[in-house]
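There are two complexes below, and they share chain A, which is joined by chain B in the first and by chain C in the second.
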Partner chain A sequence: MQELMKARAAALLSEGKVNRVLGWAAGEFVYDVTPTVFESREELERDFVYSPFCGANLSKYLVKEARKEGKILVFLKPCDSFSFAQLVKEHRIPREKVYAVGVECYGKTDATALRSLGITGIVGAAEQYGALTLNTLNGERRVTVAEAMLEKCKSCKTKEHRLCDELLGEEGEPVSDCSRFEEVEKVEAMTPEERFAFFRGELSRCIRCNACRDVCPACTCETCVFDNPASGIAQKAAADPFEENLYHIIRAFHVAGRCTDCGECTRVCPQRIPLHLLNRKFIKDINEFYGPYQAGDDPETPSPLTDWKPDDVEPGSAVRKGGRA
Partner chain B sequence: MSTYRIREERLPALFEETAKKRKLYLPTDTAEGVAAFLPYREGMTLTASLNTSRSAKDLFFPQTETLADFKVSGREIAVVDVREECEDFLLFGVRACDVKSFEILDRVFLAEPVDSFYKNRREHGTVVSLACASPVETCFCGTFGIDCADPEGDAAAYRWEGYYYFVPLTEKGEEYLASVESLLEETDDGPVWDAKGEIYRKKERLPLKSLTTEGFGGERTKELFDSEKWESLSEACLGCGTCTYVCPTCQCFDIRDFDTGRQIRRYRCWDSCMVSDFTKMAGGNPRPTQKERFRQRFMHKLVYFPAENEGIFGCVGCGRCLAQCPISMNIVKVMKALKEEKE
Partner chain C sequence: MPMNSPEKNGVGKEEAFRPKIVAFCCNWCSYAGADLAGTSRLSYPAEVKIIRVPCSCRVNPTFILRAFGRGADGVILCGCHPGDCHYTTGNYYTRRRMTLLFSMLDYLGIERERTRVEWVSAAEGAKFAETMRDFVATVTALGKNRRLEDLRCRN
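Then we have the complex of A and B:
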């Protein structure tokens, strides 16, 4: 797959169809890949990588990249393509500035997931059909990607792309046994006191690095309210022990109806807070109140939260349906 | 120097005894599997992780702290000094890199004008370090002349064949070991050397062992500042604060006022050169894009800090930024790219 992608990117570059290529570059070890813009065949040849460690969603970079001159090629995994489609829908990315190439994905892993399986000191790896042979400082370890999958991949909703100009590899299908709301249901089953304690416990680890916001494809405000010193809630000012909680709650509300559940927030959290739970609760509620809706599914359907229909649920029924209090 | 030891299974008793006399912080695993320095509670055990997710600097330089309160009554404003004498505490199991970071922070906070908040914690804190029996691929403390087999601190601990060995290094360390004397037995230092030898053998296999500081330092300001590499290196940077907040040596802070409704609370909180309003002032921001902010972080550690501190670099090679950056950009990649450019 990697070689196919490299060849296709190099061809499109030399044909002049695109000016730059947004992909992933190899790092020091095997897992530390970095989103990178490639401008030549030589750069692609030297650094381009597509491996089970390419979990990073590249679509948000397009907001910045599409403002530059020329056209950029981007490689999108199925989940990333939903983010891309949503950003196009929100007019954050001019569609004509991007050449989107969908690439197949069978789930991704990262060093954190491997470390939690007790695999440390990873310096290299070889992959074949989802089986990883890891070269570590303590000898060889074997593991499948499925055993060490990122949270977002464990709850993968579909292997089918949206809004791409072409596809490399096989197009997949929706995941029929996707159980991404199971964890939400567990939280819903808690009493209000338990739920409050649960979220206080999780969110109290927050160090306000804002990585969840900075990586989030739904967070593309030119200046975030949390970066505006005049807002009184600017990022560095954890003036109150509830501040971190407030930050995450406000963010979840702000991306509601636009969050595609790409799972980047949870992937990047250095404190391993399951941030996706908040977003997924909103998605589940939207599905229940307004009928099934998937952000980024297509460029036309209006989001239920920015649309109004006479038979929309009343706010009170939301409380009756979802609330146990 | 005297050496003491205790059997591994007796560690809980040692922690129990230590915690009787002062507050004890241990690197332990939280329920969610995140290694952190936490106040000791009965039954707490040491983490199996090499290092904690956040660094040990938090105990001396917390993320936020109140500096003063201002009380307004009528036309009077009273300044309330909130400083209190800190309680005695002991940090157990600090790695050589983190111990060295305290020295770097000391150079900032204990230089004139002395930061009394920091000094207070430093004076009341005792550091028991722990040699790294299994350094990992992200470790590069050796680049900065730090020896993970021979950590500094008030006392150093070594794990070897079912025992923990302790060597006091300062008066504070001697005093601590004397306070738990009943649990320790005096022994010769042979096993400590065995433990070190084993670590040296492991260090030989570390992938970053050949990384050096050659080409960096106080003399290189202009040349490195003007490097063309900053553009591409910073391109993917999200501008989040992860690297700076988990870094044991990042020491920038901001001071803000918070109106509680009844009074004004002046507090400080960590700042991060990665975020958009870093050094923003009335006249604007001298670092308007991520490129300048990103460059600041590495120039500070590799050029400005050594320029002002007798060549000492502002990085200890703990590897936290390597392990935690959301896009896997870090000081090792930066150093290698800048070196490559020169060659």
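Then we have the complex of A and C:
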């Protein structure tokens, strides 16, 4: 796949169809893959990778990149293509400035999960038919892709792309047994005291690095409320549980109805806070109260929070309807 | 009498708990409703502090959270009845936002009775007073807001 992608990118570059290529480059370690813009065949040849560690979603970079001269090629995995479609829908990316190439994905690997399986010193990785072969300093190790998958890939919703100009490889299908709301339901089933304690345990680990916001393709405001010094909570660690709640509720609320559930926030959190539990709660509520909705799915349906119906559920009864007592 | 009963510690001698209630009221309906309650000499509890907003949809989730952070024990948002918003549709958006926000607060384990949305028209002075009495009673029964308070603003 990697070679196919490189060749296609190089061809489009030399044909002059695109001026730049947005892809992934190996970092210092093979599992440290970094989103990168390539401007020449040489750069592509030297640094471009598409490996089991390419979990990063490239769509957000297009907001800045597509404003520059010329056209940019971007590689999108199925879940990334929802983010791209959503950003185009929100007029954050001029569609005509981007050439989107869909690439297949069968779940990306979490280096931390490998470490907890006792696999360290990784110097190379290859994936084939759901099996992962890792070259390590201590010899070769094999695991299944499923054993060390990123959190977000464990509840993949579809292998089918949205909004692409061309596709490399086979188009996949929606995942029929996607169970992404299971964890949310577990939390909902707890008592309020248990839920409160559970979230204190999770959210109190937050160091307010803002990585979850920075990576989120739905968070593209030029100036974020969390950067406003007058807000009192700009760029600083939370002083008490209230600020933790404030940050997390507002972060999740600001992307409610636009979050595609790409899972990037959970992936980048250095404290391994399950941010998807908050986003998916909003998605689940939206589906239940206002009908099924998937951000980035189609260009027309208005986002649930910019829409209404005269007979929408009332806030009080909605909370009771939410499946609890 | 148990050793640590409030009476023995002198705590019971303190005044009974009086919650702080913030009521965001739309200028065109519930704020006028509150006025009407006043001019009709209907009393509603002094615990309620009204903040006038141009439309219920002016209130965003941060306002609600901030109110709790700054010491509110309950927050109520009053707007025009659905269909009657002065700006035609503002309160329909309010309804969706608050539905999602309240559900999230509940999900985080914060008492759902501390938040409420109520539609009160300018002609409903009696409903305004009644709603406030009921809300204050509910929040008083819950006690102090501890789960969504900013410790630095504790009082």
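As a convention for this text, the second predicted complex is superposed on the first by the 314 of 325 C-alpha atoms of A that agree within 3 Å, B and C clash if a C-alpha of one lies under 4 Å from a C-alpha of the other, contacts with A are read in each partner's own complex, and residues count from 1 in each chain.
Definition applied: contacts are C-beta pairs under 8 Å (C-beta built on N, C-alpha and C of every residue); 3 or more make two chains touch, one makes a residue touch a chain.
Note that the structure is a prediction, hence the values are computed from the model and not measured.
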Would you check which partner chain A:Phe38 touches, where first means chain B only, second means chain C only, and both and neither mean what they say?
neither
Applying the document's definition of touch, where does A:Phe199 land relative to chain B and chain C: first, second, both, or neither?
second
Looking at the overlay, what does A:Asn245 touch: chain B (first), chain C (second), both, or neither?
second
What is the contact status of A:Tyr99 with respect to chain B (first) and chain C (second): first, second, both, or neither?
neither
Quick check on the superposed pair: does A:Leu278 touch chain B, chain C, both, or neither? Answer first, second, both or neither.
second
Please work out whether A:Phe84 is in contact with chain B alone, chain C alone, both, or neither, and reply first, second, both or neither.
neither
Who does A:Phe48 touch here: chain B (first), chain C (second), both, or neither?
neither
Contacts of A:Leu305 with chain B and chain C, given as first, second, both or neither
second
Do chain B and chain C land on any of the same chain A residues, and which?
239-240
Which of the residues in chain C end up touching chain A in this complex?
61-62, 65-66, 68-69, 82-83, 89, 92-93, 95-112, 115-117, 147-152
In the complex, chain B residues that touch chain A:
30, 32-34, 49-50, 53-54, 63-64, 134, 136-137, 202, 205-208, 232, 235-236, 238-242, 244-246, 254, 256, 258, 265, 267, 269-272, 275-277, 280, 322-324, 326-330, 332-333, 336
For the complex, which residues does chain A have touching chain B?
27-29, 31-37, 56, 61, 111-112, 115-116, 120-123, 136-138, 202, 205, 207-211, 213-215, 223, 227, 229, 234-240, 267-268, 270-272
Can you list the chain A residues touching chain C in their complex?
187-188, 192-199, 225, 239-243, 245-246, 249-250, 252-253, 256, 278, 281-282, 285-286, 289-290, 304-310, 312-316, 318-320, 322, 324
